[in-house]
Structures are given as structure tokens and as C-alpha cells.
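What follows is chain A paired twice: with chain B in the first complex and chain C in the second.
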Partner chain A sequence: MKENQLNGIELLRALCLEFGPTGCEHNVAAMIEAQLGDICEIRRDRMDNVLAHLPGSGPRIMISAHMDEVGMMITSIDDQGYLRFTNVGGIDSRVLCGRRVQVGTAEHRIPGVIGAKAIHLQSADERTQTTPVDRLYIDIGASSREEAEKYVDIGDFATFDSDFVRFGQDDRLMRCKAIDDRLGCAVMIETLRALVARGGERPYDLWCSFSVREEIGKSGAKVAAYAIKPTYAIVLESTAIADLPDVPANARVGEVGKGGALSIADRSTIYDPAMLEFAMSCAREADIPCQLKRYISGGNDAGHIHKTGDGVRCLAISAPTRYLHSGSCVAAVADYEHIREMVLAMLKNWDKMN
Partner chain B sequence: MELKQRITEMAGLMSISGHENYDRAALLDQLADIFDEVTTDPMGSHICIRRCGRQGAPKILIDAHFDEIGMMVTEILDGGFLRVINIGGIDTRILQAGEVIIYGEKPIYGIIGSTPPHLQKPGDAKKLKPINELLIDTGYDKDELEKLVRLGTPVGFVPAYTELLGGKLAGKGFDNKACGAAAVDALSRLDRAEMAGDVYLLLASQEEVGLRGGETGAAGIDPDYALVVDVTHGSAPDTKKDEAFPLGEGITISLSAATDLRLTRRTVELAREKGIKFTRVVEAANTGTDANVTQLVCCGIPTVVASLPLRSMHTYQEVLSPDDAEELGKLISAFVCDTKIAEDFAR
Partner chain C sequence: MLELLKKIVKAPAISGREGAVADVISALMEPICDEVYRDKLGNLIAVKHGSAPEGERKKIMFAAHMDEIGFFVTFIEDNGYIRLAPIGGINFVAAAYTNVIFANGVKGVLVPETGTKADALTFDKFYVDIGAKDKKEAERRVKIGDYFVIEPSVTRLCGKRVAGRPLDDRVGCAIMVETARRVPTPRDDVYYVFTAQEEVGCRGAKTAAFAIAPDVAIAYDVTGTGDTIGAKPMAVKVGGGAAIKLKDSSVICSTELVAALETAAREEKIAYQIEILPYGGTDTSSMQMAGSGCMAGCLSVPTRYIHSGVEMIDLGDVEACVALTAAYLVRA
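Presenting the complex of A and B:
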């Protein structure tokens, strides 16, 4: 094992903590390149997608996970040195207030908190309603516009600033920002490592795309797919799971800890039924838990990938995640392992895919 | 020890109203070698006495409430989720996706859940869920959780502190332990001989649920006169000019029909003499602090109020300037050393 090589949850932790809002993924890309080292051919395309290639003879498979995370962009700095901002990616305004954030760029950042007028000073309406994002502000402790401008410029980015925490019974859950979709990135890194270590002939030509800009729908994965021209694509994602006591069973999407969630259809893609069947049979044979996503919702890079060229057969495997797009995404440690094992099982049996 | 460190150490203790004894051992460590005696009264207030060494000296009360807002468990649900209710006035806007500690048989980490967007009805995103409809996600099975948590188990915010520009601090519990820490710090630097009397620092309980411990604490001490220190609102873009005060520009002294006029005038004069940075604030009929109750015990206790500006009060990202806490410390020192006040107000 190489020096500084991180594995499993430690790898995921490092990736989650790295700063990488949509449009500013450079630090995450650099970390991924460093973690892959020289195990295979790696290049960055013009959009900053990181593409890793493991050659083989057979159909071309693309695996994609996105590097970016939801965040914010600074829109103005006021006379007292407070920062106004807007969301980059879908963030529920209710998870913003009171949050710790990092503000800046890939090169330099400072801490801040999203301010909230004290409850004592709120009107009755304010107490029962969400404060819209255009009335929130980031407090970096600056006393004036001049002081703030030394550290921050408009157009700078912000992300949630979360600790990575293992919690729950036997520490089976983990909480951090950006689990969506650094979890997919970590699975791809470990998949590549495992395939290289296994060696031998591969009955497929594999491209892994660590993609940019998924969260705003202007997907880097689309450009990657045009370059790769895959026959098959596997999108590794995180999906919002609502296994909560106040959600009726038919709306629960799936359950945290019960394995990767396979999509039948979502708002942007109808997935390839044969790939879905193949994925489930591979999981069944290797005794790896997985589940079907029970609710048609959301969308991911498959929506772009499957419409490139003359069409790409797509499968999506998602880590069931609670409180997606907040500073406290919650996922199960076991699901990370289940998804990693499932991808490896599929690749191992790819000759049975048709 | 630096004041900044004292502030985060004291604010980091768990002291939700009614549970002011939870971290008593750690509190005693923080107070060690500064006070002659620390006792806890039946209401849970901590009384910290530093004597001047002279017989018959006046008793000077410094009240800094020690309790903090929090929550408690009301229901344990399938899947290891908890329902809670607030203790004190919590800003519910900050709760969803927030981190908490459940102080059960052992501390348990939890996340306050939120409903994913696809399950929300139009308009839901504008409404704040009332606190009793939120769910805390513990990651435990229900039967395992029931061994560790019961109805009434307190739930608090995670003590994590961030230093912002200009040394400002963000985190939980500054209301009002920042003032308590400023008082402890100021007293630790005072020569006993300088003090105009015996100082009773009352780290009062149950202020956030109705100014309760301050009342019984003051009655138990029966001081000659009192200074109540608490937080006031720090100015922010969404506050009005006369209801909040800029951080870094000093403390406030309350002008109020609900406090002692003569003691307030002398305290203002004293602050000017000592070059303390302060603003006078009019709180005509109600200071909203323990002063409302401390002055109405025993034979009546002349009381004055000084406050530390704090942004985002009653959240877990309250923001203060340690420079202001230094100014508050200076006022506390001047107040307990002032012989003029002692002469005028000693019984």
C-alpha cells in the first residue's frame, strides 16, 4: 500500500471534508488523482472531469460519480461586512439557518456562520415561517465591508462546514456534508484499485468518470460520456431516503442500511431493465443486500448520459441517504461496503450481462 | 488562562435549565483556586464566594445565569427516532439537519431530521415545523435506545466553537455562560484587598424558563446590592437600530424603571471613570433579566444590569466578541472594588 493511501471509510471521510461546491471541484479532483496515483491512465478533460481508464477487450462501460456538492455563492457584501448569498444546487432553506460554512475558493477559505435574528426579535410570522435565502446572511466576523473584502469576493463559493461523525448503535451510521456524492467517488477509487490488484484480462473496457456540476443539472458527465462513448453506464449516486416514522410506508423510497438502492425510473431516466435484472442477480448470488428504489423521484447524471450518442444503457445504484443536500447527510457504513461489493460483483460477472 | 478559553470551556458545559448540575465536576475545575467556597442550592444555582477578608464587609452579588436553552425527550419511536420539546425559547429555524447530544445513560449523538423535498407539499418549504413535530435520528434500534433514554432525558446542542475574523467566537451556550466566564475571569485577577466586600457570584439556574434560580439564589445570599450580567442582542442586518448593539464596541448598561436609579447612575459614572467601552440602553419597564427578581427578595436589593452583545441569540451559533467580554470583566471588577457604592449601598 502506498504512503498516504486512504481506504474505506477513511477515504470517504477525506473526500467528504474536501471543499468542492459545484463549479469549484478542483480540490476534490486533485485528491482523487492523488489517491489513484499511477495505477491507471488518468486524464482531466476541459470541464475538469477526472477520467480514469482501465483497458480491456469487450464492451465499453462507463462508471460515473459526481465530485461536486451543493453549496452557495456570494452575491454581495454589505457595509457591515455581512455576506449575502444564493444557493448553488437544491438546498432546502430550512437547513441553512445557524449552519457553519466555509467561504472562499479552492485556494483560500475562511469560516463563517449563517446568521439568524434572535427569536426574541422575530415577529409571530417569522417564528413560524422559513427565512428565505435572500434574507439570510453569512457572518464571518468582519466589522466592515473593507475588512470582509480582504478575504471574500462576490462570486466566491461556500459549502457547509461539517465534521465527519460516526454515530448510532455500533457506530453504524455516518454524518457529513457531501456524502452526496463523494461516496460514489470513493467506491470508484476502490473499484479501480481492486481491479488493478486482481489483474488479468478484462472482458470490458472500463472508464470511470469523476464528474463535475451534477448538482445544477449542467452535467459534466454528459461531456465525459460523449468522450467515452460507452455502451453501458453505471451511475453511482446518493439518493434521498425517507425511512422516517412520520412518512407512510409507500413513500419511504427505501431504507438506510439495506444496501444500494437500484432505480427503475426517476424523473429523468427510465433505466435499462436488463442491467437492473443483472445487477440484482449478481447481488443475490454474492449475498450482497440491495433494494429497489420504491418511489419515482429525483434524477441524476444518467439523465444526461443515457441520451448521449445514439443512447447508452444505464443503471443507477444509490446510497440511501437521509437529509440529503444538508450539512448533515446521514448514510450507513454498511451501504458503502454493499455498493462497493456489488459493483465488483457485476464487473466480475460481466460476461453474463446481455 | 485567556478569557476566550474560559468562555468556550464554560459555554461548552451541559447546563440545560433544570440540569445545571450535569457537568458540576468540570465546572468546579474551572472555578478552582478562585473562590473560597462553591455551593449548590436546592434550585441548582451555584454560589461562588470570594471573600475580601474583612469582618462585616458588604455582600456584593454578581448574578450571571448559568442555565442554557435545550430540549427534552417526549417520545421514543420505531427506528430509533426521538421526539422532543423545547426547554426555553429555541429558534426552530436552526434545527433541521442540526447536531445534538442526547444526555441519556451515556451521551448519544443525533441529527435532527428533515423531510426530503419530494415528499413535501407545495408551500411546505415556507412553513417551519414546530419543534414537537421534528424527529431526532439516533441510529439506534428502539429497544436498545429505550435502555439509554427515557422521557425527560435532556437533549442539547454540540459544543463546537469557531473563531471568526477579529477573534469573534461562534458556538452554543454563550447566553449566558460568556458573562459567567467574564465574571470568573475578572474575579480571578482581583486582589482580595481591593474588593469592597465579599463577592458572591451567583451562577443562577432556570433563567431561561422564567427567572427562577436567580430569585432563590439572591434570597439565599441576601446581598447588600447586585449587578446582573446577561447577554443582549448583537446587531445584524435584520435587527433594528435600537434593539441591538454592534459587536466589538463594548457592553450596555440598562436604564430602566425596573432597576435601581442611584446604583445605575453610579455604575455609569464608574464605567466612564474607568474608560470602559459601553452604551446606555433604555429598557423602560423590563430588562428581561434576573434583575426582575433579584431586587425583590428579602428587604429589597438595589440592582443594576450590564449586558454583553450577542448575535443570533438562542441558536447554537451565537456570535460574540471576546473584546466585549473583556469590557464586561472590567466593569465587574470596578463594581466590586468601588468603595463609593459600598458606602452608599451597604446595609
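Presenting the complex of A and C:
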């Protein structure tokens, strides 16, 4: 093992803690490149997707996971030194107030906290409503505009500032920001390492795209797919799972800890039925838990990938995640392992895919 | 035409699951085309090579979509009732209390939860009752990820009028099959593309057109009309002839192609009307913008009650679309 090489949950922890809101993925990209080292050909495209290539003879397969996380962008600084901001990606305003954030750029960041007018100062209407994002602010401890401007520029980013914590019985769960979709990135890194270690001829030509800008317009994967021209694509994602007490069983999407969730369809893609069947049979044969997503909602990189060029057959495997797009995404350690094993099982049996 | 239509409507095939209807159409096209194949998104492509010398032939793409709106099974309740997710623009008022059929032939009824008010008819209030005693029995017949549709039917009404489903867009598929039969030796290369996934955003036509890179593309689909009680003003009516589309919400058709179609209709005395649809979209826009683009238009079959179980058309309009396409191919 190389020095500084991280594996498994340690790798995931490091990736989750890295700063990488949509449009500012440089640090995550650099960490991924460092973790992959020279095991395969790696390049960056013009949008900063990191593309790793493991050549082989056979159909071209693209695996995509996105590097970016939801966050905020600073839109103005007021006279008292408070920062106004807008969301980058879909964030429920209710998860914002009172949260710790990191504000800055890839190179430099400072701590802050998201605040709002105190409850006793709010009108009766304001108290019963969610404070909209334009009435929230980030407090970086500055006492004036001039002081704030020393540390922050308009256009700088912010992300949730969270620890990576394992909890629950036997530490089976984990909690952090950005599990969506650093989990997919970690799976791809470990998949590439495993395939290189296994060696031998590969009956497929594999491209892994660590994609930028999924949370806004999924544009990174779109250009990556156009360049790669794959026949098949596997999108590794995190999905909001809602296995919660106040959600009826038929709306729960799936359950944390019961394996990767395979999508039948979502708002942007109807997945390839043969790939879905193949994935389930690989999981069954290798005794890897997996589940079908029970709800049709959302979308991911597949939305663009499947419509690229003359079409791409797509599958999505998602880590079941509670409280997605918050500073405390919750996922199961076992699901990380199940998804990693499932991707490897599929690639191992790829000659049976038709 | 009616017999052909009856044959094509029968196979249940929601967006992304077009295999069953592709099998039926494939069998019809194979004897009369040079090449029939399916692509990665499930489009069925039948090619008839033109008689003109190589290099002097245009590539003409015709597209009608095979998919229909329908439902995926998402969950099976303990009591055996089946929960669903809609695919495409389902009108739940029209879908309430209908017979449904699964791809494997299992039948059921689609109903809203008891007590649901008419203005609260959303998909999560619906379930399918297949008559199963409990979850166990239901799971023997149906599993999560299976799909179902409102039962297909075609009923002959007055004159040349027909009602049923899914006329959207099996009638377009029937027009293309009939055109291929009627024009056995076209001058140009003709690609009859029976597209996938139109109802969820015209996805199949996009990738098919990218691969084919046609010079001219014509979509065949249904269009709304202004001839029902309560309809918004629209100068298209059932029985008024083939509707030559000028625009809908997704496309402005090639003026050159529209003019060519109008000329052909006038010269051959084929009934036609001009369609300006104030909403909606078809494969036309996907084809127009695929790759480096092409000259695109659409011939529509005026249809009442679209996306219900009683879509209504006039077979005279269907015949006009076939005749106009054949006339266009001679002049293209």
C-alpha cells in the first residue's frame, strides 16, 4: 500500500470533509487524483471532470459519480459585515438556520454560522413560516463591511461545516455533509484499485468520470459522456430514502442498510431493463443485498448521459441516505461496502451482460 | 387500416418498456424493408434504401412513438393492493376506475383510495386491485418494477370515427407501416423510426436522429383539437384531414418542409389543415436539434380526449396522412 493511501471508510471520510461545492470542485479533484496516483491514465477535461481510463477490449462502460456537493454562494456583504447568500443546488431552507459553515474558496476558508432574526423579533407570520434564504445571513464574526471584505469576496462559496461521525449500534451508520456523492467517488476509486490489482484482460473498456456540477444542471457528466461515447453507464449516487416514522411504507423509497438502491425510473431517466436485471442477478449470485427504489422522483447524471450521442444504456445504484442535502447526511457503512462489491461483481461478470 | 391499428394497439408498452410493441411492428416491417434493428434506447429502426444512385439520395427520417403513458409498480401493500408511479402525463380523472393490464397479462382495476375527492386525484392516492387476497397472492402475480397500462381497446363509432387507446401514438406507427407498404421503392433512403420514450420528453427520437443524421425528418403524432365542448379555440378538427404542424410549444417547423407538404396535398387533392398547437411537444423538436440539426416537420392526426381511454380519431384523417406522405416522397 502506498503512503497516504486511504481505504474504505477512511477514504470516504476524507472525501466528505473536503470542500467542493458545485463549481468549486478543485480540492476534491486533487484529492481523487492523489488517491489514484499512477494506477491508470487520468486526465481532466475542460470542465474539470476527472476521467480515469482502464483500457480493455469490449464495450465501453462509463461509471459516473459526482464530486460536487450542495452549498451556498455569497451574493453580497452588508454594512455590518454579514454575508448574504444564495443556494448552490437544492437545499431545503429549513435545514439552514443555525448551521455551521465554511466560507471561502478552494485555497482559503473561514468559519461562519448561518443566522436569522431572533424569534422574539419575528412577526407572527414569520414565526410560522420557514425563513427564506434571502432573509438568512452568514455571520463570520466581522464587525464591518471592510473587515468582512478582507476575508470574503462576492462569489465565494460556502458549504456545511460538519464532522464525520460514526454512530448507532456497532457504529453502523455515518453522518457527514457531502456523502452525496463522495460515497460514489470513493466506490469508484476502490473499484479502480481492485481492478488494477486483479490485473488480466478486461472484456470492457472502462472510463470512470468523477463529474463536476451534478447539483446544478448535471452538466459535467453530459460533456464527459459525449467525449467518452460509452455503450453502458453506471451512475453511482446517493438517494433520499425517507425510511422515517412519519412516512407511509409505500412512500419510503427504500431502507438504509439494505444495500444499494437500484432505480427503475426517475424524473429524468427510465433505466435500461436488461442492466437492471443483470445488476440484480449479480447481487443475488454473490449474496450482496440490494433493493429497488420504490418511488419515482429526482434525477441524476444519467438524465443527460442516456440521451448523449446515439444513446447510452444506463443503470443507477444509489446509497440510501437520510437527510440528503443537509449538513448531516446519514448513510450505512454496510451500504458503502454493498455498493462497492456490487459494482465489482457486475464488472467481473460483464460477459453475461446483454 | 383499422385491422392494422387494432394489431398495434394491443401490445402494452410504456416509455422505456417498448419491447412488446416493437416485436409486433418489427414483424410487419421486416418483409418490406432492407434492414430492421433496435438501438440502445429501444428505438426500432426500419430502413428502406432509395432507388436513386448513391450520393444523390437524401436521408429522410419518419418518426412515430411506440410508447404509451402508463405505470410502474412501486410497492405492494400487506393487503395485496398495488401502489404505482405514473410514467408520462397521466390524467388521473380519466384513469380512475379503469381496467388495467400488466405486461404478463395479469388484469386489475385502477382505483383511488376510498373517499378521495375529485380535485385530489394524484398518483399517490391510487392503487391497483388485482383481486388478490393478500400480499402473498399479489406477489405471485406482480412484482415491483413491473409495468401496466389502461387496457387497450379500439371501438368503431359513426362513419370513419374510432375511439380507444393508445391511439397516441400507435396511429402514427400505423401510418408509417402503411406508408412503407404503399411506397415500396422510394427514391431516397427512408428511415422509419418507431421511437421510444416520447411521453417522458421525446428522448428516443433525439438519440435516433443523432445516429441517423437525416436531411429531412417528419414526426407522426396525435394533436389536440378545437372541436369539443369547452375546447380552447384551435383551428383543427377531427375529420378535417391531415394536420400539417406549424408549431407547438417545443418546435417551429421548417417553413420549407411545411410548404412542400402543402403543395403535395393541394396537387394530389388530399384533405389537410394547418395545425398551431398552443401547448405540447412531439419528437419533431428532438429531431430538429439532434446533432447538427435537420429540416423537421410533423403530420398530426387530430385527436379528441388525448391520454384518456377514449381517444377519438377519424380514419379519413389517418388515410390523408398516409397519402400525403406518399405524395411527399415522390416530390422530395
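Criterion: the second predicted complex is superposed on the first by the 353 of 354 C-alpha atoms of A that agree within 3 Å, B and C clash if a C-alpha of one lies under 4 Å from a C-alpha of the other, contacts with A are read in each partner's own complex, and residues count from 1 in each chain.
Quick note on the criterion: contacts are C-beta pairs under 8 Å (C-beta built on N, C-alpha and C of every residue); 3 or more make two chains touch, one makes a residue touch a chain.
Computed from a predicted structure; not experimentally measured.
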{"item": "Touched chain A residues, chain B compared with chain C", "value": "B"}
{"item": "Touched partner set for A:249, first chain B, second chain C, both or neither", "value": "second"}
{"item": "Partner chain(s) touched by A:131 [first = chain B, second = chain C, both, neither]", "value": "first"}
{"item": "First (chain B), second (chain C), both or neither touched by A:118", "value": "first"}
{"item": "Contacts of A:8 with chain B and chain C, given as first, second, both or neither", "value": "neither"}
{"item": "Contacts of A:295 with chain B and chain C, given as first, second, both or neither", "value": "both"}
{"item": "Contacts of A:37 with chain B and chain C, given as first, second, both or neither", "value": "neither"}
{"item": "Touching partner for A:151 - first (chain B), second (chain C), both, neither", "value": "first"}
{"item": "Touching both chain B and chain C, residues of chain A", "value": "251, 295"}
{"item": "Of all residues in chain A, those that touch chain B in their complex", "value": "78, 80, 82, 90, 92-95, 97-100, 110-122, 127-131, 135, 137, 139-143, 147-148, 151, 161, 163, 165, 167-169, 172-173, 175, 240-247, 251, 253, 295, 297-298, 322-324, 326-328, 330"}
{"item": "Chain A partner contacts - residues on chain B that touch it in the complex", "value": "77-81, 89-94, 96-99, 108-111, 113-119, 125-130, 133, 135, 137-141, 144, 160, 162-168, 170, 233, 235-240, 243-244, 246-248, 288, 311-317, 319"}
{"item": "In the complex with chain A, residue positions of chain C that touch it", "value": "15-17, 39-41, 43, 72, 74-75, 77, 83, 85-87, 124, 144-145, 197, 200, 203-204, 206-208, 210-211"}
{"item": "Residue numbers on chain A that touch chain C, as the complex places them", "value": "231, 249-251, 264-265, 270-273, 276, 292, 294-296, 306-313"}
